[in-house]
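These are the structures in question, set out in turn.
Both complexes below contain subunit A, partnered by subunit B and then by subunit C.
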Partner chain A sequence: MNLNRRTKMIVFVGVIFAVLAAVYLAGLFISDDFIAADFSQKGLKPSWEHPFGTDMLGRDMLARTMKGLSVSIIVGTVASTVSAVIALIVGVAAASGVSWLDHFVNWMIDLVMGIPHTVLLILISFACGKGLKGVLIGVAITHWTGLARIIRSEVLQIRSQQYIEVSRKLGHSSRWITVHHILPHMVPQFLIGLILMFPHAIMHESSLTFLGFGLPPEQPAIGIILSESMQYLSAGMWWLAFFPGLMLVIIVLLFDRLGENLKKIMDPYSAHE
Partner chain B sequence: MQIEGKNISFRYHERMPWILKDVSISIEEGERVGLVGPSGYGKSTLMRILSGYLEPQEGSVRLDGKPLPKKGISPVQLIYQHPEKAINPRWKMKKVLEESGMFREEVMEALGIERDWLNRYPRELSGGELQRFCVARSLFQGTHFLFADEMSTMLDVITQAQIWNLMLKEVKERRLGLLMVTHNAELAKKVCTRIINLKEINHIGENGNGAG
Partner chain C sequence: MKKKYYLKCTGKYLFRMITLLIAVSVISFVLVSLSPVDPVQQYVGAVPNVSVEQRAKIAEYWGLNDPPVERFFAWAGSVLHGDFGVSLLYRRPVLDIIVEKFGASLALMMTAWIFSGVLGFAIGCVMGLFNGRWLDKILKKVCFVMCSIPTFWIGIVFLMVFSVMLGWFPFGMSVPKGVPADEVTILQRIHHLVLPALTLSFLSFANVALHTREKLVDVLESDYVLFAKARGESKWSVLKRHGLRNILLPAVTMQFGSFSELFGGSVLAENIFSYPGLGAAVSAAGMYSDVPLLLGITLFSTLFVFVGNMLANIIYGIVDPQIREGCIK
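Then we have the complex of A and B:
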């Protein structure tokens, strides 16, 4: 088959997307029976029956990992979507030409970026009552800064274009110009920023949970699995940490690839070639 | 209608030298004026001031004795040198015409805009073809003055002639006021009813206020 690079890229992106969707759905539809405690099966090494082994309560690690990843993907999706929307609103507002607003937004960005990320996450998650809600809020309101900066400078650059000046002289209002001229230009930045935020969100969710400030212990989250496994690592039960950790890294890398490839596809200067 | 720049002075920054000093210029509707002068002398700046894109530090621009409208549709429209910069690269050409409400048969025909260009993106058209859209876009009912800032400089001779012929026809029919900047003296002679040399109306270099 003779495909050009663009088509290959689109197929590649489609495959990645399908894998991620499959992991999410698998986690969603695995029944809780599979992760029920079974003390006759406890602490088994990886085998054909239990590819990822079992833990000290005899739960199948493959099922737990899948369920954990599913939770991570939901947290990642919601948190980074909220974050990206905040970034879009804040970025466009900062570049609207109102000087005090721009200063305020930049100050906010510096403030959020200036505090060590994990500390801020822990504080917010803790203040919001931990659990899924705390993690979601914490991750959502700490990840918008980078994208907001990019969008702000993008909007500033577009605003100085001649076609914006012309549009104004043709009698169009600021709002009309924002909706028709500026926002369409932000679509690629927004989508790519959103997808590249996924890995961060997932990692931070896991680390928060690992540290005990995130999801509750009964939830099958990757962070929980990893922090539990720490107790048994010295007993030689390496599979408890290895497989879930590896899967997390793979999912994060897949999201990263997805974003990078979408960037190539949506690059405005190659879009119509 | 008459557009008038009164004692216009302009510089880009307080510590920069004046670019324009005490420039007065006036154009009547139906008049075709050529603005000539050396490169970097402020021709484009003057044009941007007269069409309301820039605010002069001193002096004022008046349309029939009233200040230029700041909001809403401007009766003074500027056509740029680089059409590819003056058109949103993400818009199809049809939308470009719709933006100014000029998606109309007669205008498209008058300017030689072909139907199948309308569904293309700007990068899929040549400079001359794009410039036709810029002209068409500016020719709506409320336009009284057209300012052309080296509008045809980047185009080949044949396209230049085509665009100017079409443009002149429209300008004459609708008795628009035209102000054009060009380095092409022959073109200016052919198109204009009056030629202004910016050097003669710009008072920089007098009273120690000049450049340098």
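Then we have the complex of A and C:
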């Protein structure tokens, strides 16, 4: 087959997307019977029957990992979508030309970035009484800063264009210009920013869960699996931590590649690379 | 003229620092007050036979019945006097704990910081020099993968491989068990520091390398490098005379700007290796609802990050006079 690089990249993006969707659906549809405790099967090394081994309660680690990844993907999706929407609103507002608003937004960004991210996540999770709600809110309201800055500078750039000036002279209101001229330009930035937020969101969700602030212990989450595995490390049960973590790395990597490749497709300037 | 400039800068930094710290204390206090966790219940814990009257007395003593604004000013007032309260977890003044734990954390963070900075920079230079060739391509792939590896997992993998399987390094902690504190040798401390520091540096290593690579590639594609090559300068001398001078500064600034991630990473690294530092303390404080300690460490870590950013700006100003004009952007 003779494909040019652009087509190849689109195919590549499609494949990544399919893999991620498959992981999500697999986790969703694996029945809970697979992760029921079975003490006759406890602490088994990886084999054909249990490719990732089993834990001390005899639960199949592959099934637990898939379920955990599924949870991670959904938490990542919700949190990064909320975060990206916040970034869009804040970024456009900052660039609207109102001086105090711009200063305020910049100050807010400095403030959110001024507290170490993990510490801020712990604080928010603590405020929400831990659990799923804490993770979702925490991850959602701490990841918008970078994208907001990008969107702000993009909007500022577009606002200085001549056609915006013309549009204004033609009597269109600022709101009309924002909706019809500026927001459409933001779509690629928004989508790419959203997807590139995923890896961070997922990693922060699982680190927070690992520390004990995130999802509750009965939930099959990668952070829970890894923090449980810590107890059995000195006993040499390496498979409890190795495979689930590796799968998490792969998912994070796939999201990262998805975003970077979409960026190349959408941005004509980087198409030559 | 110069003196006036420095005075103005110092003033601006001080103003920024104070407003930032005030804002952070307000926000963290609000967040902590929102928590549904009952502090009295946490304090009493598993102790039985605590009557309702006694609980009410504790709540009264702590001023829990006062409105939040009043409580905030009471807390902020004592913080201004240097009193951060007493940690519920350690039953000692918060400030003492922070000072003591920060020493341990600083050793860990600085080791990782220097390690990732120097090695990341070196690898970045190698990638930049071999831009587009196989060595660059392989290293770039490795860096991309490294960026996607969560700190806590790589920490666990290091523990499994180097402590459990190979037995080269101890299984966590910062000093050997059963040895009095004053008999711990510096070598033993370093021995305990290696794995956590490696774990922590993993976080920023790939970032530094990729960033350096980008910058170096930009420089090497410039006209003055083309001219230098035309004059017959060797690859090494181009790197030394034109490359390093231009990329060292952004690299150093970026390193100082990474204090936030460094602190965040240390929370995870210290938890995995049971390393007794600030990072382990802050997650313990959140876990067991030790509000004074949580607030204290939040403020302290904000200050730490601020100092990092300030140093980055100051160094930039000293080295590059063009930036100095603007003071802080």
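The rule is simple: the second predicted complex is superposed on the first by the 267 of 273 C-alpha atoms of A that agree within 3 Å, B and C clash if a C-alpha of one lies under 4 Å from a C-alpha of the other, contacts with A are read in each partner's own complex, and residues count from 1 in each chain.
Keep in mind that, in the parts below, contacts are C-beta pairs under 8 Å (C-beta built on N, C-alpha and C of every residue); 3 or more make two chains touch, one makes a residue touch a chain.
The shown structure was predicted, so the numbers you read here are calculated from the model rather than taken from an experiment.
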Query raised in the report: So, does A:R159 touch the first partner subunit B, the second partner subunit C, both, or neither?
Result: neither
Report task. Scan A:H185 for contacts with subunit B and subunit C and give back first, second, both or neither. Result -> first
Requested in this report: Applying the touch criterion given at the start, work out whether A:G171 contacts subunit B, subunit C, both or neither, answering first, second, both or neither.
Outcome: first
Query raised in the report: Which partner, subunit B or subunit C, touches the larger number of subunit A residues?
Result: C
Query raised in the report: Between subunit B (first) and subunit C (second), which does A:K263 come into contact with in this model arrangement: first, second, both, or neither?
Result: neither
Query - Residues of subunit B defined as touching subunit A within the complex - result: 51-53, 71-74, 76-78, 80, 82, 85-90, 99-100, 121, 123-124, 137, 140
**Report entry** Touching residues (chain side subunit A, partner subunit C) in the complex
**Finding:** 110-111, 113-119, 122-129, 199, 203, 206-207, 210-213, 223, 226, 229-230, 233-234, 236, 238, 241-242, 245, 248-249, 252-253, 256-257
**Report entry** subunit C to subunit A touching residues, read off their complex
**Finding:** 20, 23-24, 27-28, 31-32, 34-37, 144-145, 147-153, 156-157, 159-160, 164-165, 171, 259-261, 263-265, 267-268, 271-272, 279, 282-283, 286-287, 289, 294, 297-298, 301-302, 304-306
Report summary line: Per the touch rule above, subunit A residues touching subunit B in the complex are 161-163, 165-167, 169-172, 180-181, 184-185, 268, 272
